[in-house]
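The following block contains the structure, expressed as structure tokens.
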């Protein structure tokens, strides 16, 4: 029973982290109360929704896991009213906001990369490594991708330093450790850390992949 | 048998209203004949398609309910050739076009909010109020959302006065009345009216939700 | 057994053509290595993924047909490193690149229009002509549509000369010949040629549909 509780908590924290990050992006766009809640929920739940549709799990988990929905709502309201009260400070400290956002987002990225793999494996696809890692990655990047598409922006995954690659690396670590019989809590911890550290280092040192001049 | 016919008619009128609104938006963008038909069909059928995919109903209703497809096609052709013949008047009277469009769109919004809830309840989810109201809302706003995403525009639901909220209010009214055992034709009428009146008042008096300065 | 191998090969060539076209668009946008691979795969596999989700086939074919994934990866790497080495020539010869891209894309368009119909018919919907032709068309245009939506651009299907219409014409030819009992290899060849020739003529002579002045 313990691993199940572990994945429940990771999923909850991941939702909170992504909702926080989504609400901050929405506030930067000067969205209204509805927009902030909508974009926070999209960022938090969108990746899992895409994963469930691709796996054929109906209705998607967001319609039965109330805790994710509610924690994302709570984060959206906290961010919205904090920004409403201190909007001047908020918009002046843009660089700080960006840095906090990147950090929180990297935590959510690692957590969802792991829970996404876990859901795909539990659905009976353990033997298909590509499918499992893909589902981990889309769970991690899908919410932000959907939010950026709705806002009409070039998605994070195409512009941020090593964003999707960090999720792929974390999902792959988790998948391999799990296949090799490692303790699943340990495998999850390694997957989250790999994603977080890789993403953080890439942001810190502005690592880029090659591109044509 | 009567309620079934009622929902059939509401769905048909909703499709016509959204196709009209979608075709007018397409003409404002100076789309060609194919673009006008494509965007009218997307606006009319897109919300129901998203709903059916999320509910796991395959193939989605648009592939078997020919009447929705055909009425949307007819509206698209009428709008296209009317604008082609009277393009000068059309582009001069932009404010009037916008006002008619808003009115027609609000009717479709209420109708689809109600039929979306009805489909979700019929699929066996009556007990899950969040799911039913979500499906009503996505049926109502999904087509316009998809159209705006395809056109690369910030979606209506994030910018128009009380747009998604009106659909949520209408869907919730319908759902509660239905749960409380009200006549389903009456519940549908109330749901449509709540959405329409709320949306109309919000447009008329420019009601806005709070947002950071 | 022969027709099955024929459709396998058509699908493989179509994936290669679309990956080539997607990678060239990605290089024009100065995407990095990950972006080029991601957009090539999206262009090659996205249409089939949308088709499978709408048909309720889970998991979508891209998770089990490794050959499509791999051929698209190979094309993306070839294009990326070719452009990286000869970037000056590449960006100078924009008109030539565009012309090659259009030609390769038209081949993929015809091939996927046919295989999309074939998958829909094999899934048991032979009798629903609208569904079959729609699935052929969305298989053909869906990957490019998804790529354009992700890049925040007005999609090809709304701006290029007779793009979706060419796919519709090819899918319809294939469907009708197949229904009338023609040899399926012949029907596939006709479908591909109709799409390719129509698209090529439309590009060559700049055929446009009517639109308001």
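The chains carry the letters A, B and C, assigned in the order they are written, with residues numbered from 1 in each.
Assume a contact is a pair of C-beta atoms (placed from the backbone, for glycine too) under 8 Å apart; a residue touches a chain by one contact, two chains touch by 3 or more.
Note that the structure is predicted; figures quoted are calculated from it, not measured.
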item	value
Rotation in the CA alignment of chain B with chain C, degrees, nearest 5	120
Interface composition of copies chain A and chain B: same or different, split at half	different
Chain centre separation (chain A, chain B; CA means) in Å	31
Of all residues in chain C, the ones touching two or more other chains	53, 56, 149, 152
Chain C to chain B touching residues, read off their complex	53-56, 125, 128, 130-131, 134, 145, 149, 152-155, 157-158, 164-165, 208-213
In the complex, chain B residues that touch chain C	27, 30-35, 38, 49, 53, 56, 58-60, 63-64, 66, 69, 83-84, 87, 90-91, 149-152
